[in-house]
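Structures given as structure tokens follow.
After this come two complexes, each holding chain A, first together with chain B and then together with chain C.
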Partner chain A sequence: MSSAIANSIQLLMEVSSIISKVIEFNEKVFGIEQRNGIVRIKIHRDVLPYVAQKLATTKGIYMRTMMASDERDLEGVYRLYYLFGIDREHINIVLEVAVPQEDPKVPTIVDIIKAADWYELEAHDMLGIEFIDRRLYRLVLPEDWPEKVYPLRKEYSVQDLMKLYRPKAVEYAKEIGAENIVVIPIGPYHPALHEPEFFEVYVSGERVIDAKYVGFMVHRGIEKLGENMKYDQVPFLAERICGICGFVHSTSYCQAVESALNTDVPERAQFIRSIILEIERIHSHLLWFGVALHLLGYDTGFMHSWRIREQVMVLAELLTGSRKTYGINVVGGVRRDIDNDKIRKAIEVLKNVEDEFKKLVEISINIPQVIARLKGTGVLPLGEAIALSLVGPTARGSGLDRDVRRDYPYAAYRYISFRVPTYSEGDNLARTLVRVDEVFESINMLYQLLDKVPSGEIRVESWTVEPYRLGVGSVEAPRGEVIHVLLTGRYSPYRWRVRAPTYQNLPAVSIMLKGVDLADVPLTIASIDPCFSCTDRAIVIDIGRSVIKTIPIEFLSLKGSKAIR
Partner chain B sequence: MAFIETISIGISMLLYIFFPPLLDGIERKIKAKIQTRYGPPTVFQTWYDIIKLISKELKIPPTLQYGVFLLTLAFSFVIVVLYLLSYIPVSLNIYMLTIVIILIVSLHSILAFVSILSSNPFSIIGIFRGLTIDIVNEMGFLTSILVYYLTIKTFNPSIKSFLLLLFSLLFVFIVSYVGSKRLPYDLHEAEPELASGSVIEFSGPILALYLYLHLIDRYTMVALPIAIGVAIGLQLSPLISLLLIHVIAVVIYVFFGVIAVLLGRSRIDIAVKTLMLIYLIIILLWIVVKLI
Partner chain C sequence: MVQLLGGELNSKGIDLRKALSRIKRSIWVYHINTGSCNGCDIEILDVLTPYFDVERFGIKLVASPRHADLALLTGPITIKTFSKVYRALNAMPRPRFVLAIGSCAVGGNIWFESYSTLGGFPKALEMFSEMGLEIDGVVYVPGCPARPEAIIYGAATLLGLQKPKTRYRRFKA
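The block that comes next holds the complex of A and B.
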């Protein structure tokens, strides 16, 4: 009890020290409010760079995400929410900046906080907010997107946007005289990760001099879709953001809503969420480990890693009913319970996975080519990791000790003890070892969680919506922290902002790539465990009728297989 | 030439022609077993692949027009090499051996040259990687065959001779392994980095021909030292010699396949340094023992 009081006092001191830094700006600070570990500070746009500077130069504070929202219906302004975190105190500081609709301009903070770069570009693309004193270019929207159409503005519905813009595939097909073509929008290619990504790598001999990333080829407009769905429908959409770690998104979304509405989630549900989250981390890291070994040419390790992973997938199916995309999260709890028989089976599987993975790691890491190509390649210094506000194993591999499970405890993590593996070397080997250690740590956490599952309800009976409340939900995904920031609406989220860890980590890849050998490029890119988009679709164009049909790529694949038979 | 010798050479040539894709099928099966996969449905899969590729339409990229001619030339060289290899147990001398070595090195150069014709950057990077390793390995190949030939020719039952034989065998088979372009030295293709590298522009019959030549080359690189050893060291009848050569070659080929499964892919700088160091050490050891 006494430690809780001491913590609260320390927290208050920390908050007041932050506020004292901000309060200097006096008449430009419109209000400060504190609730549920979130300190909301409303400031005038003119002082944003100065306040950001104050926060950025305070040790232990980093920019976690930024949400731009169209609130013209409410207060006649656009609003920017800059979310900063103080890990050691478990506090989020939200700087709220109102941007008048008649003059949507705001000073940039990129020169102060490098991590703000993509957020500002995205806000410019999606809401038309001008950031002063920086170069603005399209990041998210395609090149041929109509001018002055900002998809996240409330006047555009999803249907309007679909009428306003379709890829000009038919016109192009006619132009090239194709009668019947199949367009596979996998974009610029590379066989390494089997996802749409494009790195322009400039090499001298085989040495990389510079690298440029071009992304956002499959922007699915999920945030906009979520604004038209009921609160309990969104978790199913959120889970489809990622094909590997979707559960972190539904959990993060639910936590954001629960935090905004002050909903108490039953302890049993919190344990179930943590259990599934850790299972997801194990299978994701095993997948990554296999891919990394494949990129190093050690396919035997790749196959065995995925063989071991298969047991974890079967375990996930046992506990949730699905190998992936579990669909058990709802606001206020979970939809599916686990019983003692499942707990017993889960422990058996985990013991087996632990033994087999230990053997695999011992063998793989000692393969001469594997160790030679991991060690000292793709180095990311700690300073860069801090400047870019990196997260997850990418940050921890450079010595930046940051983990949401410990720093902003959620679900059942406050009830168990665990270690956060950190390595200071910053190379590909360090990032690999962080993930390897995390697999064993997750197994250890699962033993504790499965042992301590309390009895009781798994979801709250009902909850009521209070509109225009701000909620933050963050979860430590296998790739780093996922943050969902949400402004509640009456029936649906008014604004829902999703920030996946790859968004934060990708800018670091160019730094890692400089000076590496071409042979190590795929591995270095993979070392942040990037997750782009996993839901590509093929478009079949019927020129005669000017119709575009979207069909799953698997269908084409099956068709191809049948043709061969 | 005696009837039995002619028959032996004929059978041996047929085996040299038929075995490589079959052995590749066996290697793929073993590899799959080690990796807990099913692998290809049958050990004849590589043969089926080649036959299927041959049946595809012929697409020649503009820059590869002369490549077809070069591949055909390479195929002629291969036939001559196979004939000479089959002839070694019947009669072996240093001149014939020299011709075999020249033909094999020429074959490697022609295969490399085909890829250089491509303007694809992956192909160019891949083939230059291949050439870099080849420069080291071809020198190793010439030296190892010479050292091995001398060792067998001067072999007598003494510890010194056994040591020399051991070093020369080690040398010749390491060279043979590297020449087979298996992991960790498949840098010319390196799928995750170069998307098939030097063979990226080959398809259909051209890919089939390249693949077939590559597999025969792999097998001959294994069989050559065995043929020399059996011909000089054992002096059996030609038919038995030829069968023995193929049996040992098959065993070593499969053994190479197993080694490859257990290794990762090297990097060009590491690969060159490692090979030069290994070859230098073996040569020095051989010279030291020889001089003692």
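The block that comes next holds the complex of A and C.
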């Protein structure tokens, strides 16, 4: 008990300096409360830009996510939750802004925090909130979506929405008027990145002038579906957000519910979660490493990387019963236990993977063509990485040392020691090396975790729901931090907000692409390890402008390799 | 299971049996992700890489639908990708076949009643036939994600090397 008090005093002291900055706007700040490492500050909408400015200019604070929620049947308002994180202090600051329903207008903070751009557009599309002094365009929904229909408002059920809108196949054939600059559309289907996405790359000769992402095609309405499901059903939905890092999402959701309801998860369950998370990271990084080599035209490396990866998939099947989409997370623990026999087998497999991957890395990274293509291309400076609130290996490749496993410890990561690989060059090589190092670090962590698994229960017997509590769950996914914000309802989540790492990292691609050769475009796009199914879960962008020609992205890239030879 | 659509001689007078015997040699596949979670897509890649290695059967991934005999379709078909799927399939030469991979493509899976998906390939197929796009054959491979073995089995079923394991029956939700 005493340690808990000491802890909270320490937390308050760290936060007090920030709160003192907020307190300047005394009459516009309605209340500050602190619980479970979340500081909730209720403010009037007029002072939002000033408070955001104070937070954004403080070193080490970055915007993690923003949730817009329809709370008209509770308090007659829409509410925006801006979530800021303090690096290494394990504290989240939530700015709560109430927006009256008769006049849903809020000042924009895009000019202060670049990362807020998509969050605001998404809130505009899904809930009809107006942001003043910025250009609002349709980001989330298709062009021909009916006006004034906002899917996340509570008055629309999924069935209503299905009646209101069904797609028509449209032939797009608009030409883009360009004289000296040629537009090269990449996507939405090409064999290299395996997902529907669409980049408009503006080039002059062979040099890239600008690039624009116009994807968002994997919108599946997950957040709306989640509002109609029971608490224990949602982890299965969350796991299907992404087929590569699905376990990350279900863990993050479970943590959000657990933090909202103050549920203690048994230690054994936390270890099992950590073990599966690290296995997922290894298979994801091996996958990425293979795809990156494939994009360089080095298919041998691609094949070897995937050969090694297959052992990890078999290991995942051994531990969870499924190659992917494990489905073992529930609120308050996990569904499936592991025994000593499985631990022994897992260690054998990991040793093998470690040896084989070491050999592969030694060979492939030392090939002159590979180095020449990776080094100095797609540079992202540290300043930009901080300004855009980047996360994961993309940020760590630019020298921004940010890792949720260490900064906001969850699951069993507080019981083991590990290193967070960081490189300061900011080019494609740095991002590759971060991932390569992370594979070895993950294997090392797995040895420790498998060795230390404590005995005991794997899930809590029962838990009770208290409505309208705020919970935050964040997990370091292979691509960066995943963060789920959740407002509990009586039987199912009242509002559930998912933010995937690619959502935060994608705006960085256009900065990386400026000035690179056309041949380096595919690899640079791939270097943030984009996962569009995570990002687009609630979003769709305008594609009306596109003249769609499917250009095989790897052909572009192969041209570059030939030039080196 | 193979579902041959349009009978032996379809509206444009193509003899399907003859056409099928032609693609038996080596099939080229084109991969379309229609809003899938990536789970099935990485399993498709897994099938192409050394552990399962379907290239030994002559199955090859190609970059353009114009070169393909078979489309590997994953995902529940989101409203945003629908028109792209239509154009990709329309660009394929006849006879055009589809391998609908994963529970999403088979019947929408967990998204089957979401406002932003069609809910699986069968529903898209209905819309395609309204729009005059003919698909000559569909093989459904269930699984979430579909296992690599199942994907190979599906391709073998299409080629007539294996018998389908189940009968075809549509359930209406």
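What we mean here is this: the second predicted complex is superposed on the first by the 501 of 565 C-alpha atoms of A that agree within 3 Å, B and C clash if a C-alpha of one lies under 4 Å from a C-alpha of the other, contacts with A are read in each partner's own complex, and residues count from 1 in each chain.
Following the convention adopted for this analysis, contacts are C-beta pairs under 8 Å (C-beta built on N, C-alpha and C of every residue); 3 or more make two chains touch, one makes a residue touch a chain.
Source: prediction; values computed, not measured.
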*asked:* Taking the superposition on A as described, I'd like to know which of chain B and chain C A:Gly297 touches: first, second, both or neither.
replied: first
_Looking at A:Arg307 after the superposition, I want to know if it touches chain B, chain C, both of them or none. Which is it: first, second, both, neither?_
both
*So, A:Ile367: does it touch chain B (first), chain C (second), both, or neither?*
first
*Could you tell me if A:Gly383 is touching chain B, chain C, both of them or neither one (first, second, both, neither)?*
neither
_Contact-wise, after the overlay, does A:Asp520 reach chain B, chain C, both or neither (first, second, both, neither)?_
first
_Once chain A of both complexes is superposed, is A:Pro454 in touch with chain B (first), chain C (second), both, or neither?_
neither
_Of chain C and chain B, partner touching more chain A residues_ = C
_Which superposed partner A:Arg323 touches (first chain B, second chain C, both, neither)_ = second
*Could you tell me which stretches of chain A are touched by chain B in one complex and by chain C in the other?*
190-191, 303-304, 307
*Which of the residues in chain C end up touching chain A in this complex?*
31-46, 49-51, 61-65, 75-76, 78-84, 86-88, 109-111, 113-118, 127, 131, 144-145, 147
*asked:* Residue numbers of chain A touching chain C in their complex, please.
replied: 142, 151, 158-159, 161-162, 165-172, 188-191, 194-196, 216-222, 224-225, 236-237, 240-244, 246, 287, 290, 302-304, 306-307, 310, 313, 323-325, 531, 533, 536, 540, 543, 548, 550, 552, 554-555
*Given the complex with chain A, which residues does chain B contribute to the contact?*
34-37, 125, 183-184, 186-187, 190-193, 195, 261-270
*chain A residues within the chain B interface of the complex*: 190-192, 206, 293-301, 303-304, 307, 367-370, 372-373, 517-522
